[in-house]
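We call the chains A, B, C and D, going by the order they appear; numbering starts again at 1 in every chain.
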Amino acid sequence: MGILEVKNVNKSFGGLKALQNVNLDIEEGKIHAIIGPNGAGKSTLLNCFVGKLVPDTGTVMFDGDSLLGIKPYEINQMGVSRVFQTPEIFSELSVWENTLIPCFAKRDGAFTLNALGNVADNKDVAERAEQMLVDVDLIDKRDMLASSMSRGDKRRLEMAMCLSQNPKLLLLDEPTAGMARADTESTIELLKTIQEKLKITMAIIEHDMGVVFSLAQKISVLAQGTVIVEDLPENIKGHPKVKEAYLGEAQV
Amino acid sequence: MSNFTRRGLIKSGATVGAGLAMPTLITSPVAAYTNAPTGGSVTLGFNVPQSGPYADEGADELRAYKLAVEHLNGGGDGGMMNTFSSKALKGNGILGKKVEYVTGDTQTKSDAARASAKSMIEKDGAVMITGGSSSGVAIAVQGLCQEAGVIFMAGLTHSNDTTGKDKKANGFRHFFNGYMSGAALAPVLEARYGNDRNAYHLTADYTWGWTQQESIQAATEAKGWNTVNNVLTPLATTDFSSYVAPVLNSGADVLVLNHYGGNMINSLTSAVQFGLRDKVINNKNFEIVVPLYSRLMARGAGENVKGIFGSTNWHWSLTDEGSKAFVKSFGEKYGFPPSQAAHTTYVQTILYADACERSGTFNPCGVAEALEGFKFDGMGNGATEYRAEDHQCFKDVLVVKGKENPTSEFDVLEVVEITPRAQVEYAPDHAMFAGGDLGKCNPGA
Amino acid sequence: MKSISNADMRTLMFVAIITILAPFIMNPFPTESALAQFNAGYPDLMQRFIIFGILAIGFNILFGLTGYLSFGHAAFLGVGSYAAVWMFKLLGYGILPGLVLSVIVAGIFSLLIGFISLRRSGIYFSILTLAFAQMSFALAYSVLTPLTNGETGLQVYADDPQFLQSATAPNVPHLFGMKMNDTFSLNMGPWDFQFNFGYYICAIFMLIAFYLSIRIFRSPFGMMLRAVKTNQTRLNYTGINTRPYTLAAFVISGMYAGLAGGLMASMDPLAGAERMQWTASGEIVLMTILGGTGTLLGPVMGAGFIKYFENIFSKINETVLHGWFAWMPDGLENAIVWVLHLFTGKGWHLTLGILFMAIVIFLPGGLMEGSNRIANWWKRRKGGDNASDATATPAE
Amino acid sequence: MIYKGFDGTMDAILLQILNGLDKGSAYALIALGLTLIFGTLGVVNFAHGALFMVGAFCAVTLQKVLTLSKISIDPTKTDFLGNPLKVKTPYVVEWFGEGTGNAIIDWNVPLAILVAIPIMLLVGYIMERGLIKHFYKRPHADQILVTFGLAIVIQELVKANYGANPIPTPAPDQFVGSYNVGALIGLDASYPYWRLIYFFFSISIIGAVFAFLRFTTFGMVVRAGMVDRETVGLLGINIDRRFTIMFGIAAAVAGLAGVMYTPINSPNYHMGMDFLVLSFVVVVVGGMGSLPGAVLAGFLLGILESFASMNEVKGFFEAIYLPSIDQIIIYLVAIIVLLTRPRGLMGKAGVMED
C-alpha cells in the first residue's frame, strides 16, 4: 500500500481524453518517476494530484485521504509539495523571505491573522529557514532578490522552500528542464542527498532519461493517457511497449 | 492678540498641550466675531466652480464679483451702485476699509466647496463667503458659514431647500427658487398652451430636481393640467434618448425638463432630435418646457432652445435703469453681456456691503439684522425684499423663451413676461419650504 | 522583545515630529508677505493632509502589499462619514461613538464587497470594486436620500434627537467637551501659527494608524500579502489560502478608509455623496502611486501633494499673480501673469496633470524615490569618501 | 394615462433597442480602441476618453475655422451696449457665396471626419512615440498615472481654449428630423436620422477594423503580435513600428467616434472622462484583450441601459425593492457577468489577471 494511490482516473477536455483508467501506486520513501512522450498526459496527471484539476472519475488517495475536490493549499497542508517546471518562487521578495514563507505556512497553517507580530521575532521559523538555506547552499545569498538569481539557484531555492515544509510527498515536474549540464548534475545530486537523508517520497515527471535512470527507483510509463508499464528501472529499459510508445524518440 | 517673545514662544510651545485643554482662554479674545477685520482692508471670499461642468458660470460669477469689488472701492463707473435705492455706499470700500477678495474652486462638489470656503475663513480671514452654482454646494457652504460665524451670500442656487428646510440665519439668497419658477411659468403656459394639457416630466434624480418638479407639477396642476408621468433620470446620464423615446407614446403633449446645465442641454437636444416638437398629439402641438433657464448653458443647446419657455432670475435685455447700468459697466469691461449668475452675485456683493454700511459693522449678526426685511430697488429686478423669516429675496420673476431670430451669440432668450412679485410669493411655512429652522445668527469667535 | 526595528522607530518618530510641528512647518511665510499664499498651515488643510494620509496608508496596505488595485475605496470613506454623521444626529456631537461606528460599518461594508470582488483578480477585481462603489454613489445621491440626504449631504439638524447630547456640551463635534474647531493662534511677529485641536486629534489617529501599518508591514501577515503580490500560485502550493489574507487586507484597508471618513465628518459634520464617486477613488489610487506604492511614507506624501495643489494652487488667481509681479514693467508683468494664470487658479488641474506625468516619467518610484535620491545626494555630498554606502535602504 | 396597448409596447421596445444600439455604438467604438491599444501594446490607456473628446473638438475647431468671419459695421443696428452692431460674415460665405458657403458650414461635421482622420493619426503617433513607448515595461499602475495625467492636461488645454460649456455642433440640415423605422416592420417608431447614421457609421468602422486585422498582412502580423509579441519580433518583423500605427488607428477610431457624436450631444471638455469609466467597464465585461468581446459588451450594455430606463422596467424593479435600476444597471450587469464568467464575455486567461 503506497502513500499515493491513483485508481481508474479518467479526465477529458472536451472530446479529448487526456487520462484513461490511470492506476498508479507510489510507495513511501521511494523515488517514483513518471515518464512518457509529449502529450502522454503527465502534467494532467500531476495536476490531479495537487488539486488543480479534478478527475472526471476515479480516486486519488493520499495517505488514506481522498484528494478529490481538495484545494491546492489544503493538499499542501496535508503534506504534498510541488516543484514546478519553471521555478515558481516569490521573485520580488528576498531569498530569505522566500524561505520563511513556507516555514510559516507549515507552522501556522493556511491562514493566520498574525498582523501585529514581527517576522523577526519568530525564532523557530527563522532557524528552520536558515537550516534549509544552508542545506541547499544558498545561505550566502539570503538577502538577494530572488528574481536576480541564476536559474539553478532558483531551482534550489524552490526545492528548499518545498523541503522546509518537511513534506510526505514531493512532486517534481521536470526539475531539470532547460538546465545546463552542470546544473542538472547538481540537481540530481541534491535530490539524491535529500532522498538519502530525509527519506522523502518523490514523484518525478521527467523527460530526460539520464535523470530518470540515475534517480528513479520505480518508473511508470504513460502513453496516450494510460499507464502502459509500471516496473523497476532495469526492466523498463528495452521494454517493447515502451519502445513502441517512444518510437521515433531515440532516448531509450 | 498678544505678541510672544522668543522666550515666550518656547514656553508656549511647550504648553501647547495645555493650551488645547482650555482653548477659549487663549483664542483671540478681542474679536467679537469671526475674522473681524483689523487693518485697512476687509476680505471677501468668492467661492465659485472653476473646474467641472459649471466652470463657465463660475467664471462669469467671478467677473461680476471683481466688478462689484471695483465699484465698491470707487473704481469704474459705479454700475448698479448708482441706481441702488440705498445710498449708504460711498465708493470708499466698506466702512472705509478697502475691499479685497480671495477666490476658490468649489468643483461643484460639496466637499471641495467646504474645503475652499474653510481655507478662506481660516487662512485668509474672509468675513463673508459668496458664490456657488448648484444647490448642493450652496446648502453645504451655507451650513459651514453658519457654524463658522460668517455671512453667506448664496450665488446661483434654485432649490427650495436653500431657504426652506436648509435655511440658516447666516445665509441669504437673492436668486429665485423652484416654487417661484412654477408660479411664474404656470399662468404663461396656461395662456399659451391652454389648460387641458398632459405633461410628462423628466427630472434630475436629486434634491434640486425633485423640488423643482414638485413645484412645477403643483403649479401646472392648479391650472388644470394633468401630469402623465414623472421619470427620474440619473445625474450621470449623458444620452437621454432612452428617456425621451417613451414620451412619444405616452399620450403626453407637453414635456417638462427638470434638468439643469449639461443635463438640460442633452435632454433638450435629444427631445428635439426625436422630433417631439413636430408632433401633434391630441390635436395639440407638442411643447417642451425648461423651467430653469441659464443663458450661458442654453447656448450649448444651439438652435434647439428656440421658442421654448422657461424662467430666469434676470436677463441682460431688461431695460430698467439698474439692469442697463449693470450691463453697461459689465459689457464695457468684459466685452459681452453678463449672465444671470453674474447678476445675482454682483447684487449679493453690493447688498452685503450696503448692509455692513447701514449697520456700521461686519459682525454677521449686525449685517443679518440689516438685511432682514430690507426693501430695495434699482438692482434690476424691481422692488425687492429680503424676507426676514427665511432670508429669501422676493421680487419679480422673468418668464423667457428661446429667441427665434437671435442677432448675436448672446441673444439667446427673450423676455416674455415679468411676473410680478405678488404672484410668486408664498408663506414662510408653505409645505414645500417647511421643516427648516433659521436658528440664531452666529457671530463665531 | 522589540515590536518594531530601530529604522522603523526612526521613521515613526520623524513622522510624529513633523506632524506635531506641522503648524510651524506648513506656515513658513509671514502672513502679510506675498508668499503667504503658499502657506498651508491652517486647520482645514492640515486636517485634510492627515485624513487623506490615513486613507492612503490604508489603501497602501491593500494595493502596496497585495497588488490588488481597488478602484472603489472612496465608498468606504463615504460610508464611514455617513456612519459618523448619523451618530452625531442620533447620539450627539461626541466624536468617539461616531468614529467607532464608522470603522465598524466600513469594515462590514468592505467585508461584503471584498468577499465578492476578491473572487477575481487583476483588472477584473478593479472593475468589480469600481462597480460597487459607483452603485453606492449613484444610490446615495438619489434613492437613498432619506439615509444620505442626497445631493446636499448628510448633516445634523436642530430637530435631530441627539439622545446623549447634554445641555452643556458644545454644539459642534467635540471630544469630552473640547471642540474640534478650537484653534489657538500664536502670533510671532509677522508670523501667525494656528494650533487646532481637531488637527491634533487627527494626528494622534494618524500616528496610531501609521504605527499599525508599520507593524503590519513587518508582520508575517504583511509578508504573506507581499507574497500574494509576487506569486499567488506558489503561495497556494505552499499551503497558504490566499483568499482570507487578501480579504483581511481589504477589510483592514476599508476600516482605515472608514476611520478617515469618520474623522472627516468629525472635523466637518457634513457627508456628501461625491466622496464616493469614482473620481474620489481614483484620487486615492493616484495619491498612492504618486507617493510611492508599497512604501510606508509615500502614500502620505502623495496625499499631501494632491491636497496641497487642490487647495493652494486653486486659490492663486490673477489678482494674486499681479500682486507678485507688480514690480515688473507692465508689459512683462502682463505676459508673465498671462502665462502663469493658465497653471494656477482655475488652471490648477493642468499643473496637477503635468506634475503627474513628470513624476511618473522621471521618478518611477514616486515621490519616495525623489526624496531618497535627494537624501542620497545629500549623503554623498556630506561624506564624499564613503559614497558607496550611500545606497541606503529606502526609508520606507 | 393613455394606454396604447400591445402595439404601443412593441413600438417602445423597438425604440429602446434602437437607443441601445446607438448608445452601444459609442461604447463599442471607444472600447474597441481601448482594446486595440491594450491588446497590442499592453498599455492601460486612461487617456482614451480624452482622444474621443479631441475627436469631437476637431469638429468644433473646424466649425470655428469655417465660421471665421469678416467683421463689418452695420450702423443701422446696435449691439447690447448701444454701439453700432458688428456684423460677422464668414469668409467661406464671402468666397463661395451665400448658398454654397452656408452649405459648407452646415456640413461641418461630415467634413470634420476628413480633417479628424489625419489629425487623430498624428495625435496617436505622437502620443505613442513620445510617451506611451516608454511605459511598455512599466507596471500598469504607472501607465494609469501617466495616461491619466495626460488626459487631464489635454482636457485642461481644451477647456482653456474652448471654455467649459458645451458647444453646439449640429448635423447638416438634411439629417435633422427622424425616420419611421418602425414602419418597415409594421410598427410606429420614428428614430432621428443622425442617430441612425451614427449606428451605421460605427458598424462600418468596426467592420473595417476587423477586416483590416483579418485580411491584410499588416493585420495578421499585428494579431500575431497580440498573441506573442516576442516571437513575432524574433521573426525579424518590426512589430514596434506596426504597433505605433495600431495606436494611431485606435486614436483615429476614438476620434471618429467623437466627431460623429457631436450632433447627438454638444461636446464639452469633460465628455471624455464621462465615457472613460464606462468604456473600461465595457472592455472588462467584454473580456480583456478580446476585440469581439469589446464590441459585443458595448452593444449589450447599451441595450440593457436603454431598457432599464423604461418606465415599465423601472416599475418592475421598484416592485422588487430595487428602485432606480437605471442608475446602477451597467454596474450591476458588470458584477453579474464578472462573477459568472471569470474573464468577462470573451476574455482570455492570464490577461491582466495579476
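The rule is simple: a contact is a pair of C-beta atoms (placed from the backbone, for glycine too) under 8 Å apart; a residue touches a chain by one contact, two chains touch by 3 or more.
Because the structure is a prediction, the values reported are computed rather than measured.
Participant: Among all the other chains, which ones are in touch with both chain B and chain D?
Facilitator: Shared contacts of chain B and chain D: C.
Participant: Which one chain sits nearest the middle, judging by mean Cα positions?
Facilitator: Given all protein C-alpha atoms shown, the central chain works out to be C.
Participant: Could you grab the centroid distance between chain A and chain D? Build each centroid from C-alpha atoms only and quote it in angstrom.
Facilitator: 52
Participant: Could you give the separation in Å between the centres of chain A and chain C, each centre being the mean of its C-alpha atoms?
Facilitator: Distance between chain centres, rounded to whole Å: 46 Å.
Participant: With centres defined as the mean C-alpha position, give me the chain C-chain D separation in Å.
Facilitator: Those two chain centres are 34 Å apart.
Participant: Report, in whole Å, the distance between the mean C-alpha point of chain A and the mean C-alpha point of chain B.
Facilitator: Each chain reduced to its C-alpha mean, chain A and chain B end up 73 Å apart.
Participant: Send over the residues of chain B in touch with two or more other chains.
Facilitator: Within chain B, the residues that touch at least two other chains are 51, 55, 59, 205, 232, 234, 236.
Participant: Give the residues of chain C that touch two or more other chains, as numbers and ranges in rising order.
Facilitator: 138, 142-143, 349, in rising order.
Participant: Mind pulling the chain A residues that touch 2 or more other chains?
Facilitator: Chain A, residues with two or more chain partners: not present.
Participant: Considering every pair of chains, which are in touch?
Facilitator: Every touching chain pair, ordered by label, is A-C, B-C, B-D, C-D.
Participant: In the complex, go through chain B and note every residue touching chain C.
Facilitator: 1-4, 9, 12, 16, 19-21, 23-24, 26-28, 50-51, 55, 58-59, 62, 66, 101-105, 109-112, 114-116, 118-119, 122-123, 134-136, 139-140, 143-144, 147-148, 161, 166, 205-208, 232, 234-236, 437, 439
Participant: What residues on chain D touch chain B, complex-wise?
Facilitator: It is residues 1-2, 4, 8, 11-12, 15-16, 19-20, 22-23, 26, 77, 79-81, 85, 159, 163-168, 170, 176-178, 190-192, 194-195, 264-266, 268, 270-271, 274-275, 305-307, 309-311, 314, 324, 326-327 of chain D that touch chain B.
Participant: Can you check the complex and tell me which residues of chain D touch chain C?
Facilitator: Residue positions touching the partner: 44, 131, 134, 138, 140-142, 144-146, 148-153, 155-157, 160, 277, 280-281, 284-285, 288, 323-324, 327-328, 330-332, 334-335, 338-339, 342-344, 352-354.
Participant: Which positions of chain C touch chain D when the two form their complex?
Facilitator: 63, 67, 69, 116, 119-124, 127-128, 130-132, 134-135, 138-139, 142-143, 232, 278, 282, 285-286, 289-290, 293, 342, 347, 349-350, 352-357, 359-361, 364
Participant: Please give the residue numbers of chain C that touch chain A in the complex, ascending.
Facilitator: 1-5, 212, 215-216, 218-224, 226-227, 229-231, 233-242, 244-245, 248, 252
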